[in-house]
Amino acid sequence: MRHPHRLRRRGLWHLTGTKRWSAGDTSRVPYWIYTDPELYRREQELVFAGTGWAYVGLEAELPEPGEWKRTAIGERPVFLLRGDDGGVRVFENRCAHRGVQLCRASFGRATELVCPYHQWTYDLRGRLIGVPFRRGLRGKGGMPPDFKLEANGLTELRVHARHGVVFASFAAEPPDFADWLGAAMLFYFDRVFDGRPLRVLGYARQLVPSNWKLMFENIKDPYHASLLHVFLVSFGLFRADNPSRTLMDGTGRHSCLISMRGDPASAADTAEMRSFKRDFALRDPTLLDPVREFPGEATVVMQTLWPNLIVQQQSNTLATRQLVPRGPEAFELVWTFFGFADDDEAMTRRRLLQANLMGPAGYVSLDDSEVMQLSQQGISPYPDAQGRLEMGGRGTGDEDHIVTEAAIRAFYAYYRGVMEL
Amino acid sequence: MTPRPVTPEVRAEIQDLYDAYAEALDDGELERWPELFTEKCRYEALPRENFERGLPLAVILCESRGMLEDRVAALRRTSMYAPRSVRHLISHIRATPDADGFRVRANYAVLQTRVDALTEILSAGRYLDRIVRDEGRLRFREKRVIFDSVLVPNSLVYPL
Amino acid sequence: MRHPHRLRRRGLWHLTGTKRWSAGDTSRVPYWIYTDPELYRREQELVFAGTGWAYVGLEAELPEPGEWKRTAIGERPVFLLRGDDGGVRVFENRCAHRGVQLCRASFGRATELVCPYHQWTYDLRGRLIGVPFRRGLRGKGGMPPDFKLEANGLTELRVHARHGVVFASFAAEPPDFADWLGAAMLFYFDRVFDGRPLRVLGYARQLVPSNWKLMFENIKDPYHASLLHVFLVSFGLFRADNPSRTLMDGTGRHSCLISMRGDPASAADTAEMRSFKRDFALRDPTLLDPVREFPGEATVVMQTLWPNLIVQQQSNTLATRQLVPRGPEAFELVWTFFGFADDDEAMTRRRLLQANLMGPAGYVSLDDSEVMQLSQQGISPYPDAQGRLEMGGRGTGDEDHIVTEAAIRAFYAYYRGVMEL
Amino acid sequence: MTPRPVTPEVRAEIQDLYDAYAEALDDGELERWPELFTEKCRYEALPRENFERGLPLAVILCESRGMLEDRVAALRRTSMYAPRSVRHLISHIRATPDADGFRVRANYAVLQTRVDALTEILSAGRYLDRIVRDEGRLRFREKRVIFDSVLVPNSLVYPL
Amino acid sequence: MTPRPVTPEVRAEIQDLYDAYAEALDDGELERWPELFTEKCRYEALPRENFERGLPLAVILCESRGMLEDRVAALRRTSMYAPRSVRHLISHIRATPDADGFRVRANYAVLQTRVDALTEILSAGRYLDRIVRDEGRLRFREKRVIFDSVLVPNSLVYPL
Amino acid sequence: MRHPHRLRRRGLWHLTGTKRWSAGDTSRVPYWIYTDPELYRREQELVFAGTGWAYVGLEAELPEPGEWKRTAIGERPVFLLRGDDGGVRVFENRCAHRGVQLCRASFGRATELVCPYHQWTYDLRGRLIGVPFRRGLRGKGGMPPDFKLEANGLTELRVHARHGVVFASFAAEPPDFADWLGAAMLFYFDRVFDGRPLRVLGYARQLVPSNWKLMFENIKDPYHASLLHVFLVSFGLFRADNPSRTLMDGTGRHSCLISMRGDPASAADTAEMRSFKRDFALRDPTLLDPVREFPGEATVVMQTLWPNLIVQQQSNTLATRQLVPRGPEAFELVWTFFGFADDDEAMTRRRLLQANLMGPAGYVSLDDSEVMQLSQQGISPYPDAQGRLEMGGRGTGDEDHIVTEAAIRAFYAYYRGVMEL
């Protein structure tokens, strides 16, 4: 036999020295978790296809019966389909016969779904309704007598929609959605998604050459905003000295970063921020003309929902950002910019102009996508090294300031549990 | 009003404008970029996906030369990004006269070179432009960049 | 719970749930076999460099002594060389010294083969005939006294040519070729390759982003032809209601799909084929002007020969299609279009026009290459799912109709034996 | 017969033809593609490998405008393929007069964008064309696309 | 001396020179390449990194047409390399008159096709050239190829 | 020891059949060592980050305080920084906080290093001197009381500079540099690097699609030069019949190939070199106008220093070539061409013209980069085959001729020890 060693070759990875998470708390994060292919494969099952709810889209993206949208949870392709009963369902994007992707464009509309290969046909609720030559032709061939259409429909996921936002789960019995989020997270979720019909303004997508977890670290990190984002800081859109909060749900998997209106910067507080540029002014300030539209004092709320969603409310630019991993060292970041159906023209224009802050060319998010790439480049060749997350201590609880990495620590505390690390 | 014909001289002049556009960005002379637009102008870059579905969202949207200048200033002073250079290949420049200038379509490809990396395709697509004579030279009054792939290789640092 | 096997999955792969082929028969095909790198590596040895014969080319491609052609069996590069004795031999494409590829173009002609690195020189029978400085220079250096030219020739494969088609084997004692094919397969092989000299018309190549086995599934699947290929169906080039046969050799590794002339479509039989477009007509029907050239009633015969060959006879367009795997999720499909040396001009033009059906832009094969890509995209992220191959029952025997997946099931029955799955 | 010189006007007109060619395919307006050819015409796309070895096989071969129209009809009505768009960059258009028109050579690159994917190179190569005046406009009487790589990234859906 | 204007005719003639340049290399007719240069001439190809930091090193440096011919002879007779072909896309050719001819800038991309491989980007960058009239035709007196990426995909076999 | 877990980490791979180095000596080199990912990962630790010194650059590349240069040892990114004290230090190129690359361009100059993410700031000696909000903001947040700036500086490597050439080591106690090289190697090192200030002429870089070891094999192989390099041979720049030597240090890890002036070629000696082209002459011989500039008779000295450096002195073209592996089947070859600060214009021009021999388009090195690619293509699909290195016998000692592969054998003898193979 050519490879007698085959069995021994991959040893038992989780027992090895390097691939251990040594510290007792999560104030240290080992760098191998951003590159390891085996861990990545486990994440597909335990994180993305795990027990909870994953974001898949907005109801407003498929307003009419028969409309569908292609997306993915982790690496698994799925699609949303609005049935003839008006309900949105989510299915694995593969024909029950031999796996061909049924939805090949980003969006579409159909009265039934026909697989091109052998024309197996599914109705708008994912039920197999037609198998050509099922009974053979001229008495020959065909499917076996025990073949049942009912047993060969599309694989359907559990779905929960709240205020126009659609979540799906591979779990047989996913938790109650409100429990999954917890009261605090639900409160902030409902703050933006308040039940008004949404209007999709458009999409942007980035292929970010970093591990997907670095995106969550970035958004759960209020510490960086006042230091990395000179643009934000210079125009007072985010400042360390504004009142702010870092909130988690009970498990640490979800979080909210909240920044509120504050006093103009005092010299003392900005002294540490070399990024603050007092003399920087826009020639055309039309770009930034925020108006208050949500209740409360928060001007920015960035919510991260395990395992794949960021809800962005930065002044009047609103977006969901969906994370789709593409191997251990890359992920797709899918931006769905939206407003409300009842926005007037001025508000829509405001949202479109403020979108300049976001996306692949955003005055703010450009910094983030670049810093994630630079992190991955520094991390990946040093799998035995580790990051240190000690800002604001080593705890994982809520904070009423931004000088903390607590939300990242909380995320990893939960992550370790899920991944058995 | 009789549309002015697109004479060989005008063709050449329009070509010159695109040459200057490419040169400004490829040489990293960002400050020369807003000068190629009229004071009142519009620049937007959006994916073909949005364009074809009637969705207005652009990843860059500037509604005045001032906003173009602000973008340049932000790239110079506030944004953080790893160094890179771009290289434009603009072809199939097709002009038709309109009321006060020309409507121009063109194909473009932009190649990007990052430090320590091979040259790669950053973006390809088409320009849908309006050009007018302004202060004795041709300038963009409107430039719409419709890029073919909604998926961007990480960042779009420089305008396309 | 959906994934009870999750934890066992890595570790000892052939013992685990995921990487097992659970069903007793081959009416289910697990999706991990289209992506697994370890299995792929084993396939290189057991399937491609296994005990049988693999296709490498046509004698007509290298008519003159000294002519060579570069190709590959599995991922292993080899080349064909016509010796000064007129015989065609096949060698591994690597210098015996330190591995440099000797043949660097697709085709060439030589009087001897000289490696560029140190000019080791081989004759047209692959024998090492020159090693510069073998005896040193001015009494210094050189090869050791026990170095023998005879022991350092190129690694030669076994070769068998039949009617102008060349096969090679890495096995020390490959089976008799006629036995390897079996009588039925040999009959259909000889139907096209009837001993007349061949004329190569040209090449096309595709890099198909799917596992190589999906290509064999596709060609062994008569069920899809009348459903996927609207063009074929609309012009009566293949129809479910034409008389047809699905034949295998005794082992199931090879197969033939045969379609014969039939009556015009009856409404009843085409009712299930939504692909049938009655109103579709060619503006210039010159494209399709088939003439009967082979004995018997068959108009289409698609033969698949394990491990890497498809012989295509579709009306008058003839081609070999060679499969060269390029990793678990891609393969190269190499088309060699040919006719016969005695074709007249009209026949050559006919073959060239009918070639519009085939290749990367073919009216028929375009559908197939796209559907393979779509299959891989649907399969790859769902390694724990499986395809179901139940059309025509669960058996693996010959059939006299096309409403069956028997040839695919037979292929996998043999495959499981070879791969010890 | 005296060969007609390739004046700047003719240059521009030839350029216009290639612009229209690129635009038809890049916009997915396949129906405009056959109109750029004469009724009797020839289109073929073959790899450089076949071309240089004298092998006649083309992956697309049309011997009349009818066949071009048939190909468009097949793409619209019978073929199955995942959505994509193409982008042409045609350059180095070199015309020389011949008996009844012009022989033209050009370089081309075609970039392809598939759903969910980055823009990639589909094909590059050269055009070897014959152009004639027909019904008052320039049209292709013959177009031979010689593509550099015999290896195609899966499918060639649209004509090059 | 009054600089000669860049008339449409001169534009066309300059374009012709670049067309011939691309054609010679893309067709593998290397022998035609030195003929496009004046007897006394300079050709160099260097990475943008060296160029911008004032470092003189070029990966190809020829200080006469003889050296160009020597390079062709070496490629033909002494060098070992796997077969490949190249495809030039030169655009944005911008000429300005100087004392005895023209200074010309252009963008280029060169795509490469190796045996058994897909077409890939070999190099992109800019040309900084000087062109003069010589024996009745335009020729390069100087050609500087500044390539964007210092990193080369293994070898640069043919001149860029 | 940095990686005590090393052996446990990858199962017991070194015991397996295929991945064994069977022969007692190194006259056979198994082909799996050029592709195996696991071995490659071990090389990163044992070869590149091993006990010795690795090349990182020239002092002349960063003449002024605050200047830095980015490079890598193995796959690990590091940078050189000239401190305010004038000393050159080498650091891992990653922020101590969360891994962001600090140096993002190839070269730069700074008064301090500021990480963009959270503006942790390091001085020119790599010491952490600033952590924004370290003490929190308005009494909230900040780093824990036990956080010490001193404990969170950049990871510094050991550095040794000799005559302007900078080496670094990940080892805690690297050997004495002179001992590391050995007397013979030091002699030839000092022959080129004689203490005169260097002048950098420029850079070239190649991404070579072959395993990095093939580059060392190539340079340690005097046998190929007179056969592969027709250009060299035709102009007498290297000839088998010139007096020459192949020298190693005591361990075999380093080597020198030395070629000296000789008599014009005699017909007898060139008979075996089919590459010799008598009629080949340069039209413009200005290209080759070598002058003698170093003591002794050698015209060419190519020195290879474990693990990542080649020092090239070919006539008057001088360069360091640094090897940076990029996966098992690719490496970057970084050429730094240099002269001396006191070169006159004629000498500089001479060096620039002779550079035509080298780099990605070099009359000589083009052959090498192509042959390495061709080797990898021949080797990679045949992991069970092996190269044979028997020219000049099977020994590993010094030789006074070029008809030998002794230096390669010596290299692998040392390599096997390091890699425990």
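The chains carry the letters A, B, C, D, E and F, assigned in the order they are written, with residues numbered from 1 in each.
The rule is simple: a residue touches a chain if its C-beta (ideal position, glycine included) is under 8 Å from a C-beta of that chain, and two chains touch if they have at least 3 such contacts.
These numbers come from a predicted model, not from an experiment.
Visitor: Can you name the chains that touch chain E as well as chain F?
Guide: Correct list: B, C.
Visitor: Average the CA atoms of each chain to get its centre, and name the chain whose centre is farthest from that of chain F.
Guide: Most remote chain from chain F, centroid-wise, comes out as D.
Visitor: So which chain is farthest from chain A, going by the mean of the CA atoms in each chain?
Guide: Chain E.
Visitor: Between A-B and B-F, which chain pair shares more contacting C-beta pairs?
Guide: Of the two interfaces, A-B and B-F, more C-beta pairs touch across A-B.
Visitor: How many angstrom lie between the CA centroids of chain C and chain E, rounded to a whole number?
Guide: 43
Visitor: Per the centroid of Cα atoms for each chain, what is the distance between chain B and chain E, given in Å?
Guide: 27
Visitor: Two or more other chains touching the same residue: where does that happen in chain F?
Guide: 104, 106, 116, 207, 228, 275, 367, 371, 374, in rising order.
Visitor: Note the residues in chain D that touch 2 or more other chains, in rising order.
Guide: Residues 8, 80, 82, 89, 91, 109, 116, 118, 121, 151, 153.
Visitor: Which of line, ring, star, complete or other matches the graph of chains that touch?
Guide: other
Visitor: Can you list every touching chain pair?
Guide: Every pair of chains meeting the touch criterion: A-B, A-C, A-D, A-F, B-D, B-E, B-F, C-D, C-E, C-F, D-E, E-F.
Visitor: What does chain C use to touch chain E in their complex?
Guide: 70, 104-106, 116, 207
Visitor: Spell out the part of chain A that touches chain C in their complex, as residue ranges.
Guide: 2-3, 6-7, 10, 12-13, 38, 41-42, 44-46, 49, 72, 74-77, 92-102, 104, 114, 116-119, 132-133, 136-138, 140-144, 147, 152, 155, 170-172
Visitor: In the complex formed with chain F, which residues of chain E make contact?
Guide: Interface residues on chain E, with respect to chain F: 45-47, 49-50, 53, 55-64, 66-67, 69-71, 73-74, 77-82, 150-157.
Visitor: Can you list the chain E residues touching chain C in their complex?
Guide: Residues 80, 82-83, 115-116, 118.
Visitor: Could you list, by residue number, the parts of chain E that touch chain D in their complex?
Guide: Chain E reaches chain D through residues 8-9, 12, 16, 18-19, 22-23, 26, 85, 87-91, 109, 111, 113, 116-121.
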